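Below are two complexes that have chain A in common, paired first with chain B and then with chain C.
For the complex of A and B:
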């Protein structure tokens, strides 16, 4: 599984959405599945999947799938 | 008598205990290990941490860091994140914020530095620990956080406004976070000890101590084990439907 697939699976697991819904444009608080509670579970999934511990500012900024990739790149994870 | 099932109420998971080298912290580590948990014991005294490791062999992992150092706290959680999946450890299912300081000073002589110091150790540090621990617990949708607050924060005490305020702040966070984290299966409770016989209270003269005992309905001061057993109850599934609660462990102190 490459990093793109791992990230998609993290969103699927945390938000309970279909794979097809996880596009770069998917945005926090625009679907009922990605609320503040799910956001915390998502962060937990991403940290576990990529073996990182995110800074609080990065957690706040992680508002889209595209942004998640951009942030993870700062932790040496490439897409 | 404790039944076999009761003695392993924390089996399969790990617990982080801050302030693990103090009297109450050591008692909490002991009770957690006896209840079946692997323990990350956080403290500042290497000798006392080594003693815990020696006493409990592979069940205790020592972590020496300053709870008020944000970077060090994050590194400690990074260590837990990496080690919690080892077979002899298990996922982090419990956090006990036990590290604390108590400084007595009347309002007129209380310095701002003294106030900030107590807020840092007694409130800001536990808050950061809850922030990071809840992220590790969220993945399993299961966890229990126990904050050691104080009856001074609940009832007030002459000359302890800064300490009382710092503990009351933690009580407030406990109640709000219980509501916030319930949706992801994390319970947040607190224990409010009364007068407990520890290094912090041993300086009391016999006369002052007798006066305090007189005000306790059970007519004895608390022991570290009294607090520790209540902590294990709140960590375990035996309190599965209890969250946002502050449990006094004070022998019914009557101010």
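For the complex of A and C:
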């Protein structure tokens, strides 16, 4: 599984959405499944999947799938 | 006379945000936020606030010991406002055991964001630790689902319903419920 697939699966697992919904444009708080509770579960899922520990600013800034990739790139995870 | 002394509002810094007392120079920014549709429609009073009304309000709160108001800053920029008020006549914020909080995030980028919990955590931690407060109570419009969920994530329990949903938060429930939120919002910065 490549990093793109891992990230999509993290969103699917954490938010309980379909794979097809996980596009770069998917945005925090625009679907009922991605609220602040789910956001914390998502952060945990991403941290476990990619073996990283995000800082608080990253947790706050991770507002889209595209932004998640951008942030993870700072942790040497490429997409 | 005690009530004429200026209110001494502490500056609070925690969970990446700074809460500082509101200054007169903040009023234009606050009024813009307060009159925005996003904020106004969730308020009990939904009418537009004029500059004169706001100035009168500001002069009042500077000497009103039944409330404290803060501007919220994140990364050095203002993002919203928060406050506490005394619900019981005859008490002050420094003697009350129950307070009513208020909050809005005016900066659109952070509305609905997990960051919106940070000022509340900073404020409640302070009130529970350094003031006489052992309980918060809140009332949200029954249509304001987001505010209800927000409060419940902090540990609030619904106490009654009418046109508003009335909620109550005990210190123990708050501490139990906010462990994860606090851990996410209190990590060290990389730089």
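One rule holds in what follows: the second predicted complex is superposed on the first by the 79 of 79 C-alpha atoms of A that agree within 3 Å, B and C clash if a C-alpha of one lies under 4 Å from a C-alpha of the other, contacts with A are read in each partner's own complex, and residues count from 1 in each chain.
As a working rule, a residue touches a chain if its C-beta (ideal position, glycine included) is under 8 Å from a C-beta of that chain, and two chains touch if they have at least 3 such contacts.
Remember, predicted model here, so these are calculated numbers, not experimental data.
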**OP:** Mind working out whether A:45 is in touch with chain B, chain C, both or neither, as first, second, both or neither?
**Re:** first
Original post:
Taking the superposition as given, does A:28 touch the first partner, chain B, the second, chain C, both, or neither?
Top reply: second
**OP:** Applying the touch criterion given at the start, work out whether A:63 contacts chain B, chain C, both or neither, answering first, second, both or neither.
**Re:** second
Original post:
Is A:37 contacted by the first partner chain B, the second partner chain C, both or neither?
Top reply: both
Original post:
So which one touches more of the residues on chain A, chain B or chain C?
Top reply: C
Subject >> Set of chain A residues, in rising order, touched by both chain B and chain C >> reply: 37, 40, 43, 53, 56
**OP:** Over in the complex, which chain A residues touch chain B? Could you list them?
**Re:** 37, 40-41, 43-45, 47-48, 51, 53, 56
**OP:** Please name which positions on chain C make contact with chain A in the complex.
**Re:** 15-16, 75, 110, 112-117, 149-150, 153, 180-181, 184-190
**OP:** Using the touch definition up top, name the residues of chain B that touch chain A in the complex.
**Re:** 74, 77-78, 81-82, 131-132, 134-136, 138-139, 141, 183-184
Original post:
Contact residues on chain A for chain C in the complex?
Top reply: 28-29, 35-37, 39-40, 43, 53-57, 59-60, 63
